[in-house]
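Some structures are shown below for you to check.
You will see two complexes here that share chain A, one where it goes with chain B and one where it goes with chain C.
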Partner chain A sequence: MVKELERAGLPTAHVCTIVPISQTVGANRIVPAVAIPHPLGDPTLSREQEKEKRLNIVEKALKAVQTQIDEQTIFE
Partner chain B sequence: MKLELASFYVKDIQFCEKTEFRDGILKVNKQELIELLLCDNRLKDVELDIARPGEETRIIPVKDVIEPRIKASGNSVFPGFLEKPLTVGEGRTHVMKGMAIVTCGRIVGFQEGIIDMTGPGADYTPFSKLLNLVIVANPAEGVSSYEHEETIRIAGLKAADYIAKSVQDLLPDDIKTYETKPIFESISKYPNLPKVAYVYPLQSQGLLHDTYVYGLDAKKIVPTFIYPTEIMDGAIVSGNCVSACDKNTTYVHQNNPVIEELYERHGKDINFLGVIITNENVTLADKQRSSDYAVKLAEYMTLDGAIVTEEGFGNPDADLIMLCRKLEEKGIKTVLITDEYAGRDGASQSLADADPRADAVVTAGNANELIVLPPMKKIIGLVDAAGIIAGGSQKSLKKDGSIEIELQAITGATSEIGFTKMSAATY
Partner chain C sequence: MGKFRVVHYINQFFGQIGGEEKADIPPQDKEGPIGPGMAFKMALGDEAEIVGTVICGDSYYNEKKDVAKNEVLERIKKYNPDLVIAGPAFNAGRYGMACGSVCKAVIEELSIPAVTAMYPENPGVEVFKKNAYILETAASAAGMRSAVPNMAKFALKLLKGEKIGTPKEEGYIPRGIRKNIFVEETGAKRAVNMLVKKLNGEPFETEYPMPVFDRVEPAPAVEDISKATIALVTSGGIVPKGNPDHIEASSASKFGRYDLENIEYLTPEDFETAHGGYDPTYANEDPNRVLPVDALRDLEKQKAIGKLHRYYYATVGNGTAVADAKKYAENIAKELIADGVQAVILTST
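Right, the complex of A and B next:
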């Protein structure tokens, strides 16, 4: 999906938990997520803390698609 | 650590008034066993059935398969469940060969398997060759899915223990001895043989994806050393059956063919030093920590070679590749055993992750391959499960009772510890 979107000319961020798989598959902009069963949330946190965490990941992804890159980049 | 496995070969199972083992025939008092299992008030109902090789019987949905074993001393195996979590793996263990306890019953999630006792499906599952005493158990109202899974898991262990008691005081048909010496002794005994260990990842990702070590949830361990004979005595118990083709039932932990083969060659062409268990957790940090830790142990043991197996597919491929890469970087020659999810036509990428250092890989087959299981005369369990288990779809169950499904739904079909007859070769 990530590669097809990019092929169509849309800069794409891959938000994923297992970064090495994303690297092997060939995503260019990689944003690490929380865990496989809950990539964009964390049930161990309070609602407020979780919201902050989610916002942080989404903002990182938005920044990633706006960033010029020359090689596979992980946005920690 | 030295363990004697004393085998009793079971030729048939029958329901009778008294539970006993005589002349190869296991007689089971059905009511007594049902009452024992119903002591757990989280269970609502328990039924028992027998499935023999060659019979037109389908067992669905299968949760676990367990070999009845008991210590000759009278203690149970499965420490942490039926006994205190104290070290096992020494002395003598009585084993009932040729049979298994199979747990079955209302589905917990969408993640259990199928065992056919005859037909094309039977060729793919090693458990079609066993006499199976099947426990069909359902939970009481209000029991959560986690408790449901745990209740059935423990019922299977209890049943195996109950059955194995029938051979506790008998004379076995044969005895085989397995021994692993402390590391320095082992190295000095065979100084010229390459030092090899088995790196054994355990699935550890939540409900129906968990494994237990001495009763401890494997997601909470850091990789550690374990004597192979501890595993034979039930130190590792399965709590997982999602995509049942490549999940290790308790039976295959008890009978791990990698351990069996490494013992066979120990002292001949290799020096088998033991087993490093690790886990397959759901976060990248856990995967990094566990693979580092397992490799640190491997280096500390001064290994020349390692066999790494896998349990599951997708993200566990990342654990597998991390272990391989890091072991090879330490100069430890590494062989991987895995299976493939290469699409129904076999043309897609087989693993989710890859590395050039993974250059010695054994496959147990393509789990996406489609198979048609013909109708069976007898169903033990609930055939409707075919529509919702992993590998199936709502179109899987046909009107005539046949099932069109991927191999991934067949219990043990593509076992990544090699407890299967299927593989593939590259030409």
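Right, the complex of A and C next:
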């Protein structure tokens, strides 16, 4: 799906936990996530800390769509 | 001579420990066969026996990567096996990734053969087909009955050091390895024969299939994010409570488009996940953990982005056919572009 969105000209950040799958499928802008059942959250943290973690990942995703790239890039 | 020693790797489900709620269990091992291992025991007959079974949760293996791999490897080593069988994983993505990774590690680090099996669209195939023999199976565990004898037969061949034939003869997924062979006719003659068949519209088999690299040119970056409209898309199955479009828990036949107007964050009262391929507890407790509406609203208020697009799109990425996912995304892209969206954040579970 990520690839089709990019093909259509929309820069797309793929936030996902299993990065090797995203790489093999061919996503261009990859942002590693926390865990499979909660990619943008962490139930072991307090609500505030969790929100901060989520904001941090979303900010990386925004950075990914603002970055001019020539090849597949992982935004750690 | 004694029997060959085989270790079987399976996930928490086939290991009879539990479903998605147990997908995060660390590796454990038990002597002898368990679950599908019983069928392997029958199929391997007198020549080989399953001396131990190593079980690991699918989420644990995929989230902990090298740690999980090493833990599994240690447990496999304990049984001093001659070969490892992993799976079959069918179209279970995380399980396929784990089976592929276990086989790769066994071959490279323990220097013994390994075999797994899965459905050709399993992501484990693309990632690991070069590293291990992956036999082809049906998409679901309904294909167990034919998968087990094929795998057992193949495993015995590997154990006895017998010659492994071509992917087509043996039923494994092509690994991209070329072998020199001698044939009766010269290349020129074979090429002309192929061409004649092609011209006559008859079936023919190429000797050199071209690899398909489906890569997409990166889309140009967003220039001014503070004025841009950002859309959220997810394959994690977040839907309004009650799943109004009845998006299927696996092999989704559709996607949904849902309104976020006046929604500051997703609440468990109004949203839930329809995804059947991961433990839904955390997503149902706080759907923002999969679809980060709260974070984007914050950034919108801070004027870090222009705005969050009014609608988000969701489907369930669980055994969904690649061709279907592609079609959904093509349609989603058209709508997003028509609505003036400049960038997308797509979240996957």
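To be clear about the criterion, the second predicted complex is superposed on the first by the 76 of 76 C-alpha atoms of A that agree within 3 Å, B and C clash if a C-alpha of one lies under 4 Å from a C-alpha of the other, contacts with A are read in each partner's own complex, and residues count from 1 in each chain.
Everything that follows uses one rule, which is that contacts are C-beta pairs under 8 Å (C-beta built on N, C-alpha and C of every residue); 3 or more make two chains touch, one makes a residue touch a chain.
All of these numbers come straight from a predicted model, not from anything done at the bench.
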Should the pairing of chain B and chain C on chain A count as a clash or a fit in the superposition? clash
Is A:54 contacted by the first partner chain B, the second partner chain C, both or neither? second
Which of chain B and chain C A:43 touches, first, second, both or neither: second
Which partner chains sit in contact with A:35 here, chain B, chain C, both or neither? Use first/second/both/neither. both
Between chain B (first) and chain C (second), which does A:5 come into contact with in this model arrangement: first, second, both, or neither? second
For A:17, decide between first (touching chain B), second (touching chain C), both and neither. both
For A:71, select first, second, both or neither according to whether it touches chain B, chain C, the two together, or no partner. second
Looking at chain A, does chain B or chain C touch a larger number of its residues? C
Mind checking 166-174, 274-282 or 382-390? I need the stretch of chain B that runs into chain C in the superposition. 274-282
Once the two structures are superposed, pull the chain A residues common to the chain B and chain C interfaces. 17-18, 20-21, 24-25, 35-37
Touching chain A in the complex: which residues of chain C? 20, 23, 59, 62-63, 93-94, 97, 123, 126-127, 214-223, 225, 230, 233, 235-236, 278-283, 285-286, 288-290, 292, 294-296, 298-299, 304-305, 315, 317, 325-326, 328-330, 332-334, 336-337, 341-349
What residues on chain B touch chain A, complex-wise? 205-206, 282-284, 287, 315, 317-318, 321-322, 352-355
The residues of chain A that touch chain C in their complex are 1-18, 20-22, 24-26, 28-29, 33, 35-41, 43, 50-51, 54-55, 57-59, 61-62, 65-71
Note which residues of chain A are touching chain B in the complex, please. 17-21, 24-25, 32, 34-37
